[in-house]
Amino acid sequence: MRILFINGPNLNLLGQRETAVYGRATLADIRRRVARRARALGVQVDFIQSNHEGVIVDRIGAARKRYAALVINPAAYTHTSVAIRDAISAVALPTVEIHLSNIHAREDFRHRSLSAPVCAGQICGFGPLSYELGLEAAVALAKAAAKSAGKRP
Amino acid sequence: MRILFINGPNLNLLGQRETAVYGRATLADIRRRVARRARALGVQVDFIQSNHEGVIVDRIGAARKRYAALVINPAAYTHTSVAIRDAISAVALPTVEIHLSNIHAREDFRHRSLSAPVCAGQICGFGPLSYELGLEAAVALAKAAAKSAGKRP
Amino acid sequence: MRILFINGPNLNLLGQRETAVYGRATLADIRRRVARRARALGVQVDFIQSNHEGVIVDRIGAARKRYAALVINPAAYTHTSVAIRDAISAVALPTVEIHLSNIHAREDFRHRSLSAPVCAGQICGFGPLSYELGLEAAVALAKAAAKSAGKRP
Amino acid sequence: MRILFINGPNLNLLGQRETAVYGRATLADIRRRVARRARALGVQVDFIQSNHEGVIVDRIGAARKRYAALVINPAAYTHTSVAIRDAISAVALPTVEIHLSNIHAREDFRHRSLSAPVCAGQICGFGPLSYELGLEAAVALAKAAAKSAGKRP
Amino acid sequence: MRILFINGPNLNLLGQRETAVYGRATLADIRRRVARRARALGVQVDFIQSNHEGVIVDRIGAARKRYAALVINPAAYTHTSVAIRDAISAVALPTVEIHLSNIHAREDFRHRSLSAPVCAGQICGFGPLSYELGLEAAVALAKAAAKSAGKRP
Amino acid sequence: MRILFINGPNLNLLGQRETAVYGRATLADIRRRVARRARALGVQVDFIQSNHEGVIVDRIGAARKRYAALVINPAAYTHTSVAIRDAISAVALPTVEIHLSNIHAREDFRHRSLSAPVCAGQICGFGPLSYELGLEAAVALAKAAAKSAGKRP
Amino acid sequence: MRILFINGPNLNLLGQRETAVYGRATLADIRRRVARRARALGVQVDFIQSNHEGVIVDRIGAARKRYAALVINPAAYTHTSVAIRDAISAVALPTVEIHLSNIHAREDFRHRSLSAPVCAGQICGFGPLSYELGLEAAVALAKAAAKSAGKRP
Amino acid sequence: MRILFINGPNLNLLGQRETAVYGRATLADIRRRVARRARALGVQVDFIQSNHEGVIVDRIGAARKRYAALVINPAAYTHTSVAIRDAISAVALPTVEIHLSNIHAREDFRHRSLSAPVCAGQICGFGPLSYELGLEAAVALAKAAAKSAGKRP
Amino acid sequence: MRILFINGPNLNLLGQRETAVYGRATLADIRRRVARRARALGVQVDFIQSNHEGVIVDRIGAARKRYAALVINPAAYTHTSVAIRDAISAVALPTVEIHLSNIHAREDFRHRSLSAPVCAGQICGFGPLSYELGLEAAVALAKAAAKSAGKRP
Amino acid sequence: MRILFINGPNLNLLGQRETAVYGRATLADIRRRVARRARALGVQVDFIQSNHEGVIVDRIGAARKRYAALVINPAAYTHTSVAIRDAISAVALPTVEIHLSNIHAREDFRHRSLSAPVCAGQICGFGPLSYELGLEAAVALAKAAAKSAGKRP
Amino acid sequence: MRILFINGPNLNLLGQRETAVYGRATLADIRRRVARRARALGVQVDFIQSNHEGVIVDRIGAARKRYAALVINPAAYTHTSVAIRDAISAVALPTVEIHLSNIHAREDFRHRSLSAPVCAGQICGFGPLSYELGLEAAVALAKAAAKSAGKRP
Amino acid sequence: MRILFINGPNLNLLGQRETAVYGRATLADIRRRVARRARALGVQVDFIQSNHEGVIVDRIGAARKRYAALVINPAAYTHTSVAIRDAISAVALPTVEIHLSNIHAREDFRHRSLSAPVCAGQICGFGPLSYELGLEAAVALAKAAAKSAGKRP
């Protein structure tokens, strides 16, 4: 079972700036934590980051064959991208939306997520732990989907 | 006379998923229907698709010399892209906005089109036929523009 | 196959006033263009106009037996008539909403159509050509409906 | 280390009705799953349910001495109770808000959480697994709080 | 057949104060009128009042086994309680919402009922007669439900 | 005592279409049920239907001499007609607003009634039974009005 | 010079009811006052009333040949009729909107006039005197229009 | 009988600039037209202009003893001054609000008048004629007030 | 003369937490300050606190016989409880709303008080002094009420 | 210790008009009550009134050297003056906002105070007693400020 | 060439208070910086400040003959004064709006400028440098205006 | 010292189309003006343009090491890009937002800038001069930042 982690714009700068909001861990640190937990759960993970909305849409559209589930931190595109929402909806893989910070405690325009309604659920506010919990949720969803698909003749 | 068809994000997935909303025709099927009608009308069409807002803006900006009119299905960018609106407005070619589904019968955030006010008109809800009707409208607009330009000394 | 064209309030004044917005063609001119295209498509059309919301509701309600589809330009009632919306919804014929002007480029209160969500689709902004494209869409919808009805035992 | 789980109104009916939205697990089933995971994590959990806003406020106010963290599913009070928000804010324990269903995919009035901005984070949409992930997040937050308190002289 | 009448906050004060809005009948007077009509209809009614949102939620949750239908005057909670709405929705008994006064003719914040959308219907503005009409509607709904349940094998 | 029932637009189509929303009873069926109950109550009823807002306004304006009360199902005009509201307000007869379906559980624009604030009360959601309950409420209101008029010297 | 006065719905009831808001003068009384002032100004006036939106639209549409200006009290249609607005706009006669009561001091929904923006101006709040002042304004506007038309070769 | 005309900010610049909106007449020209009509009506008028909100409030507050009615063109303060509204309300003289231009046909923020609800009525859109009609309305209101005061013992 | 002080949810935690917003005084400290001032004013006070909305409604409903006035700090229920508002309105005792903090300088949702419009007035922002000033206002209101009641025969 | 009372527009008319809302006391009466209480508290008060927003801003700006605190009844400027808000904020004296009437029980536009968020607190609804309570609050605030300033070395 | 700088309310207090927002420079300091730059650019500047909206309107109205351009910092009146907007619009001089602070990063009500739409442009956020940049922009605009005026015969 | 100028979508078309709004200068012309002024100020500038939001985010993220400040004309992305806002916020360089046209005088959706609140300030409306003034502001901000950084040990 293979899970794809997608990281949106500016997450390449993680750990270097605005550490009061986002913490000191870099994206590479988080990737290592996720990899460790993935091994414990017996699954494989890929991990990408892009500042380009179109690239993220491309990758979601191409994920269907290769991945059992998606974990996505759309960052700024959470609040502005109907295209990412439509891609998640079109590809129909179990998808978990995650955020490092508690978006409900920040500026008003960050309270609304365009992608959350087409994901299975959302986890936010726990820093890098959000990624680990997101992985566990994705694995559970993927297993349930596999099982329910297996039942159909 | 040459007309450019521009297709926005996720339309590359057409016919594979969410067929209840978008139907079973793929983008290649639609391209064939449009080509057939273009031959009947005696015009030539080019047909592009991109998930990247910037690529679409680039292509509109470069269309001026080469094309007599545009037919655009901006998909998700219909509702979020001021950049595409500004590009259509700047390039000043006759432009027809089209949609496969009836956007007025879907979620609230799909009712508002940022690009429609700078297009000549909008056609939505008729599946692939929206593309054919869009072509006919674009040809009529381009002929009228050519005629009115021809009048000026 | 018989198609009914319904024209809403003030369209009897067409071609006489506000020609900058609506053009110089009169409703009789448009009827002739529609009739010509109807012959080419092998269908018959009826064409009515009324300033009375109640008359339009009556005519839609009575259309079921006699017509295969409706093409409606509700004009000012587009934005205020729940009764016309309910009539279209009740009669359940394939219906195409059309407008001469691009309503999305006009005053704010003209952007919202109460009837569009219960129609199959909407065509606006192409002057009398909107009527011809509307006819073609209506014929296609009526054929598809007939075919799908024919399938049912 | 002791963690308090608080369950809001109507959760006593869980598993009996509206199983399409909330699933078939009863609150007792969920309590067992949480207890099992608590043992694995080496912590103790208490688990209460009440339909009374005032009772929930009382219990949060009294939690400070006895518990290291709170996990709360405020159910309907999520969207209406300023009193629960103020209680969480006053008691200043690390708090995790959880939901069985994806509240962002339901009715509009369920999108806004009054309590989320004063919690550390929110987990929603994963059914009973939301409870387990909430426990893990609460334990991590409580350990971080204990460590940072230990540092102060 | 047994019907439960639930009366929300401040209805214990009925007939003593604000008689211009609510009339001079006390809740005991209304109970007697309802009892008389119940006898005529051959059904039994229970009649409770509470100022506590949680108590009302408890009673709705417990009604399923014992009652064939609910008639509820949620009073002030009509406009603020998502918990009562969720309880009605969860218990899935035929429910009629009633009000003594015409809530649509009072302050703006009384126009929106959170519970009405999950009830079968609403009756308001007829003083104690609203209770009698509510009883008749509830009996009709309960009989229809019993009949349709009886049909299922 | 004579009561006037007024039925708004599209109610002539009742029982033929959209039976999922409005049920299978025709307006003639409903009229028979109302007539039966009127006989039981010892009153007479007239029953009209019109798709024309102006006709309905005329009939309300002319009702004063002939009728003791009005029962009105304004259908689509409920949400758009200030003229009907002003007519009810001007004629000053006891008036009951009724609806077959529960308007509070349907589209947003059907939640607001322009006429309800000038009626005595509203009954909705009980199908044809709404008409019978409306009749009973109207008779009670008319008797109360007659009694209070009788008291004045 | 001939001026048309158009009176909207319920104005036939004037002087009989709600005299606190609209005064005791009947429409016939007002017509006499207007006629007297018309003689003093040396113009002729016609005076119609209809409860039908469609009839008013018809009359405006037919006014162009026969009248030099319009004075309209659209009553309830002031706030809901885009059709009357479009008719005034289409017929392009100088038009004065008048009201007996001060609409800005009444319910919120009466503050917005759909027709005022396409009229030359608005007069409200002076009872029957609003009609006389409206006549004087209409005559002045018609003379100015005639003069400016006379200037054009 | 003495009437006070109050002119708000920037009206001292009248006739010099923005003549497309406000016309070519200066405030002195308008004063002469008003004086002429006042003589015909047998009343006296005073005429002031100020750019200072406080000065206008002072003058209204002091008007009570000396004037029978007010005619006010609050210009920009129409839309922002609660103080002028409160002054008109406190002084309780019959007051007519006038505007040279049709404020309902201009920018959105000019549609709402804070003072209109406490005036007897409003006249707008007729240029200097608005002043003359305002005078006639004020004289009529003052006479009616005098008459009704005379009646009281 | 006896005055009832009612304290809403979480005020039992006063002085222990969030001292930056609410200060260091406990509810017991405040009660002592109020008692001292009550003695100086020659009146008696009772002082209750509850986290339960229903309990507060009960206590207001029962206050009529025993108390001359109410002073209420509804805390979080200020912004959500229509039930407390209705209770104050029903019991018709002179009531003063008080707050320790300046609610107008805090989060947006704390700016609106549902109960203030049915109280005599509101005092906020002065910490425990708000209670003393509230007492003085309540005593003055109660004396005025007693005096005006005494006047009536 | 010296306190400045500032009274906004139209308060010079107090006691003469609209006595139902504002009572019969004149501003001079209130000044006497305030002076009496000031003597009891051992402080001195100045008392000004102006209808001019600019004058009020001038006086606040000049108050810093001479006064220990401000008590302001901004009257109509409460709801419209950002300039007075900024002046209070800039001068940084303890400031109490007062109102004679309960602004939360009046028109909607009177519910929002622009100045309250930069004052220490607000007192409204108690007539002239609001002034006395405002004085007491201001004295307490000024003493606290003096004490806390004295602590700083 | 002569440029007028207009400074709105509370700017006389600059440099004394709220230095975190507005900096330590006084208005006299800024005037010296502007004078220095004016000499370098070969133009003359006048520099006024007033807390009175009416005075600012007076000065703008009188500026036409004497000044080539305006630079205005309307301070608090930016957000509330339609009168200043109308004055700028009426006087038709090139006008630059400036602010010391970045108004887009402050409270919501400071984001909207009523005057900016009638100015040539806006500069904000650079402290005293905003004044210097405003001067340079004003000089450029005035030269362009002079040049374009010179071209006209 | 090196400053980066970033130009958003469609600015490559500058000077060719919509010259009424944006003027006749091309981006190359503007670059030459900026270069000249940069030499005068003794700094170096780089100048990029892209239609791709992702490219702009990439470039801002990479700017930290190489540039002392940013000047950005985000064009259409001003109003839609949270990603660019977050990039500016993350990179923490002094940033100046500029626009050729006065965005406050254009369509409503252009009034709100998502990036302005995280920039130091905004300059708009002066055509190419906006770029020069933006450069001067950026240099001043960079010098101040360098100076303040130098102070820290």
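Per-chain residue numbering starts at 1, and chain names A, B, C, D, E, F, G, H, I, J, K and L are given in the order in which the chains are listed.
Just so we're on the same page, a residue touches a chain if its C-beta (ideal position, glycine included) is under 8 Å from a C-beta of that chain, and two chains touch if they have at least 3 such contacts.
Quantities reported herein were computed from a predicted structural model and do not represent experimental measurements.
Traced through touching neighbours, the fewest hops from chain D to chain G number 3.
A repeat of the E-I interface exists among K-L, H-K or B-C; more than half of the contact pairs are identical by residue number at H-K. Between chain G and chain L, the centres computed from C-alpha atoms are 55 Å apart. Rounded to a whole number, the gap between the C-alpha centres of chain D and chain I is 32 angstrom.
One simple way to say how far apart two chains are is to compare their mean CA positions; for chain D and chain H this gives 63 Å. Counting only residues that touch two or more partner chains, chain C has 52-55, 80.
Touching chain pairs in this entry, ordered by label, are A-B, A-D, A-L, B-C, B-L, C-F, C-G, D-E, D-I, E-F, E-I, F-G, G-H, H-J, H-K, I-J, J-K, K-L. Chain J contributes residues 8-10, 12-13, 16-18, 50-55, 75-77, 79-80, 109-110 to its touches with chain H in the complex. On the side of chain E, the complex with chain D involves touching residues 52-55, 57-58, 61, 80-83, 85-87, 89-92, 114.
Residues 102, 104-105, 111-113, 116-126, 129-130, 133, 136-137, 140-141 of chain G touch chain H in their complex.
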